[in-house]
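What follows is a pair of complexes built around subunit A, which joins subunit B in one and subunit C in the other.
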Partner chain A sequence: MRIVDTDVHHSFASWHAIVPYLPPAFQRRVIDGRGRGLARHGFRKISEFAAPLATDPSTVAGALTARGVDRAILNGSIHSLGVQPNMDFAAAIARAINCWTFESWVRPHPLFRGSILIAQQDPAAAVAEIEHWAATPGMVQVLMCSASESPYGRRQYHPIYAACERHGLPLALHLGGEGAGVSAPSTPVGHPSTYFEWYSALPQAYMAHLTSMVSEGVFERFPGLRVVLCEGGIAWLPHVVWRFEKNFKAVRAETPWLSKLPSAYVWKHFRFTSYPLEEFRREQDLGFLMRLVHGETTVMFSTGYPDTEFGDPFAMVDSLPERYREAVLAGTALTLYGGRLAVARA
Partner chain B sequence: MAAAWQSRVPEPRLEYVAAVEDLPPGSRKILRVRGREIGVFNVDGRVYALKNVCVHQGARVCLGKVSGTTLPSHVYEFQYGHEGRILRCPWHGWEYDVTTGQSLFDPAVRVVTYPVTIVNGGIYVRVGGAGTV
Partner chain C sequence: MTVAESRQSRTIRDRITLNAIDTDIHQDLASPNELLPFLAAEWHPSVRGGLGFAARGWHNSGSGLMEDSIREEDGLCAADPDWVVDKLMDRYRIDLGILTGTMIGVGVQHSTRFLAALTRAYNDWVLERWVRPYDCFKGSILVTAQDPAEAAREIRRLGSEAGMVQVLMSSAARMPYGNRFYWPIYAAAQEYDLPVGIHVGAEGTGIANPPTSVGYPSTYLEFHSDHSQTMMGHCVSMLADGVFEEYGDLRFGFIEGGIVWAPHILGRMDRSYRALKAEVPWLTRLPSEYFLGRLFWSTQPIEEPPDGSDLIPLLEMMHADRTVIFASDYPHWDFDNPHTAFRHFPPELKRRVFVDNVIDYCGERVLRHHRP
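Entry: the complex of A and B
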């Protein structure tokens, strides 16, 4: 196994693709609404140069295989289900997308692995969705949007983590729904004005979720849980983790259940996908950053296919020092996803 | 034959710091002993001696508040305990267990402690000479 791509954004060309998997009441809503039933934020990139969506499984498989990718994990393009005001509709869409992903992408193509998309604002429904797919070969992780009403350490989300741990499924978060529906504003100080500002500030959501999950003891309760932060980069980690750790020494008494320093939880339980890896003028600076974030066990290659917003995902890892290359390209993902990823399917 | 550097380091010896009757349970004294400041604490009838230096940034830690704290617990449980045994550094709030010198956030992080001996109603602390810890 040479290259594992941990974040591919597959899409359907039309909402009709998922209609057969919806209950009748919601079929009507989707057909008539053509997707408008989902609450959105107002931030769209208007560009004539946008890459075509990844709607055809064979084309995507061909493009990734040509670059040496041996396994690709599908995270889709709808990253706002968890902030939809109508949580029943959101749960139905999640189920339908999972069925479509499995039937149209994962089952026919040995390259692809699926994510179990959930709508986490209704944790009971999210757990039911995890249970439905957990034993299905080819589904390798649980996926929810980083956009949310509350930080993910809070206890209403813990049943989701229990289900992930019970089935040995990593939990991936993906940016993109921030500010939509019932989401908190996409930055801690309120709503931005432009797509440019919104998109640039997105990783702030990860900073909040990471500190929340560690401090509320998620990894004390669920020591087997692993969390993958997709598309958020890594250069913010040294700052956040340093500050987090520094404060813990002074105010440990607020969270007496933490038996380890915050950094120990971060490096053990979180993984980060490489698209986009921050760029530096000097190559050695990326090596320095990788050392600070324990990159030999925390960073996993991804393309974000078909996105090109940040440049060529393969070029990003080309400048990695040799000692990180194998782990980033495949090793860390193989360790994380184990047999669900590695074992070939007929 | 002792090397030259050894001859400059005074042997540890017992130093008298206070009478037991002057250090009732819950009280502390801060004294200068052979060149360093030491805090002597009576916690529930036992006497402990800590160097008056926080390992974080050198604050005079023994001047901090002595109280209890939330003990290691399960998630979302709060158990207050060790009343009278937790010393909180006045600068940044690092908590130390007076009976061991260990910090609450990492037992490997600890203030220097000194063995204490009680002889004939007197409290003695075993310390090296000036220039040692």
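Entry: the complex of A and C
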């Protein structure tokens, strides 16, 4: 296998696509409701490079296959379910999207693998969703939005991690709902003014989750858990890990349950998708960052297809030093997702 | 001449002879009552017996202070100027120090009228007790960013004081600092050629937002590690909202929020800007083309990679030779010793960070003899 794309944003052309999979109580809300009562942030992406939504599986498959992609993991376009005020509605939408993804994309097309979308604000419902799909060939990971009421180390989320670990499913986080619904403002100093500002600051959610999950001992309790951070870049990691570790050495009395340095948990348990990588001025800078973030085992290729306005995802990894290429393009994903990527499906 | 007199009259030399300028020294009040002489009587009841500031619920498992520098008389490390001269300036060969105090939290407390009076009193206390008697100590004009009109007034009240070298606000805030709400502060700061520094510590308290975009952390370990995220939020905002298009001479400093996150922010912003610039027509350049000479990062707590030399390429990416300024954070627990924390810096870069960049940040006024 040459290339695994770990972050594809597939969409439905109309909400009607998921109506058959919704309980009757919510069907009307989705068909009739103005905006369906789905909280969103107040920013609009205005870009001359914006592409049409990826609504047709064959078209998407054709476009990715033409670039050499052998497997593509679908993360969809709805990354705010976890901050919706109505958790029953959020859980119902998650189930419906999962059914639609599986039936319309994963089952018919050998290229695609699905993510089990969950709404984490109701951990019991999220666990039920994971259990529902865990044995289904073609579903390769659990997916939840990074936008959240609380950082992910906190104990209310641990049942989700137990379920992921039990089934050997990686947990992917995806940016997008920050500042919407019941989320805190999308930066710790309040709401930004523009989509550009909002998007530029989003990886801070990952920084907070990573620090929280390590500090709270999630990986002591769930040593098999792996977490994929989608679309957040990599260049923040050296700062975050080094600051975190310096602090840990001084105040570790506060977290006696940790048996290792923070960096040991980070490089072992977290993975990072490539699109969009930060823009580096010098060619050697990417190679240098890759070394600092242990890129040979932590960075996985992604296109973010069709949202490729920030540049060609393949060109973005062109300047990768040779020793990282195979691992980034396919190797690390194959190790992480294992048989769920490789096995032929019925 | 007594010892005290000789200290008071220490002279500031030519920049070539300077060894270090420390941009983050936390002088302390032995008691809030020290402020009473600087306050109208109507505010005395609000100060006597404590300020009642919002307090955070995260606990540093140590004392929070440098145990080797505690003064027996008051149990503090920085309530007496001569003590600080001894324990910091002389011991570590620091020529000049910029005082940042212990009142950063005014930026997110509740009563703006009281805060205006308190901030004025605090600044007057800094001037009288620390700056005017000591040529080695430079003051910050502390302001409450939540009240920009009052902040601008305070900058204009003290902006001509020779010993005051920056405006200081909390990084904790309700809105990011690029927002036009705050621009009267920048107009005043630019008018007086004063940089605006923001300092961490009050995150998640008072009227501030949660300390992370995903809510409240559980431990001090997380809380302190997350501080750089408020800095990043402000940094993105300052660049994206066009502050430097309007105030081209403004200089802005990130104090105690880490430094090597800058390549990430600038790299992500440049990448985003190329695709999204139609939304921000007020910007005329790439985000990374605004920051040189305008944004400054103070070193403490310097990131500590297992191999210290790994810092160097990141420092190059953020043009540290023009953007990074030395800070010790005396007398706090995570003090960076200037003799040991920068071993991996090339000598020329260290020189820039310890002296020249600080002068670029504060302007020549930091070299001036300010004692009357």
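Just so we're on the same page, the second predicted complex is superposed on the first by the 340 of 346 C-alpha atoms of A that agree within 3 Å, B and C clash if a C-alpha of one lies under 4 Å from a C-alpha of the other, contacts with A are read in each partner's own complex, and residues count from 1 in each chain.
Quick note on the criterion: a contact is a pair of C-beta atoms (placed from the backbone, for glycine too) under 8 Å apart; a residue touches a chain by one contact, two chains touch by 3 or more.
Nothing here was measured: the structure is a model prediction, and the numbers come from that model.
Judged by the touch definition given at the top, the superposed model places A:Gly42 against neither subunit B nor subunit C. Using the contact criterion defined above for the overlaid structures, shared-chain residue A:Ser146 touches subunit C, although it does not reach subunit B. After overlaying the two complexes on the shared chain, residue contacts for A:Pro85 are found with neither subunit B nor subunit C. Touch criterion not met for A:Pro23: it reaches neither subunit B nor subunit C.
Touched residues of subunit A, counted separately for subunit B and subunit C, are more numerous for C. Once the two complexes are laid over each other on the shared chain, residue contacts for A:Pro223 go to neither subunit B nor subunit C.
Of the two partner chains placed by the overlay, only subunit C lies in contact with A:Phe280; subunit B stays clear of it. Legend: residue contacts after superposition of the two complexes on their common chain; A:Pro256 is shown touching subunit B, with no touch to subunit C.
In the superposed model, A:Gly62 makes contact with neither subunit B nor subunit C.
Shared interface residues of subunit A (contacting subunit B in one complex, subunit C in the other): 216, 248, 250-254.
Residues 155, 216-217, 220-221, 248-254, 256-257, 259, 261 of subunit A are the ones touching subunit B in the complex. By the touch criterion given at the top, residues 59-62, 171-179, 203-204, 208-222, 224-226, 228-230, 232-234, 236-237, 240-241, 258-261, 263-280, 287-288, 301, 303-306, 310, 313-314, 317, 333-334 of subunit C touch subunit A in their complex. Those residues of subunit B that touch subunit A in the shared complex are 56, 69-79, 92-95, 103-106. Taken together, the subunit A residues at the contact with subunit C in this complex read 44-49, 146-154, 178-179, 183-197, 199-201, 203-205, 207-209, 211-212, 215-216, 233, 235-236, 238-240, 242-248, 250-255, 263, 276-282, 284-285, 288, 292, 309-311.
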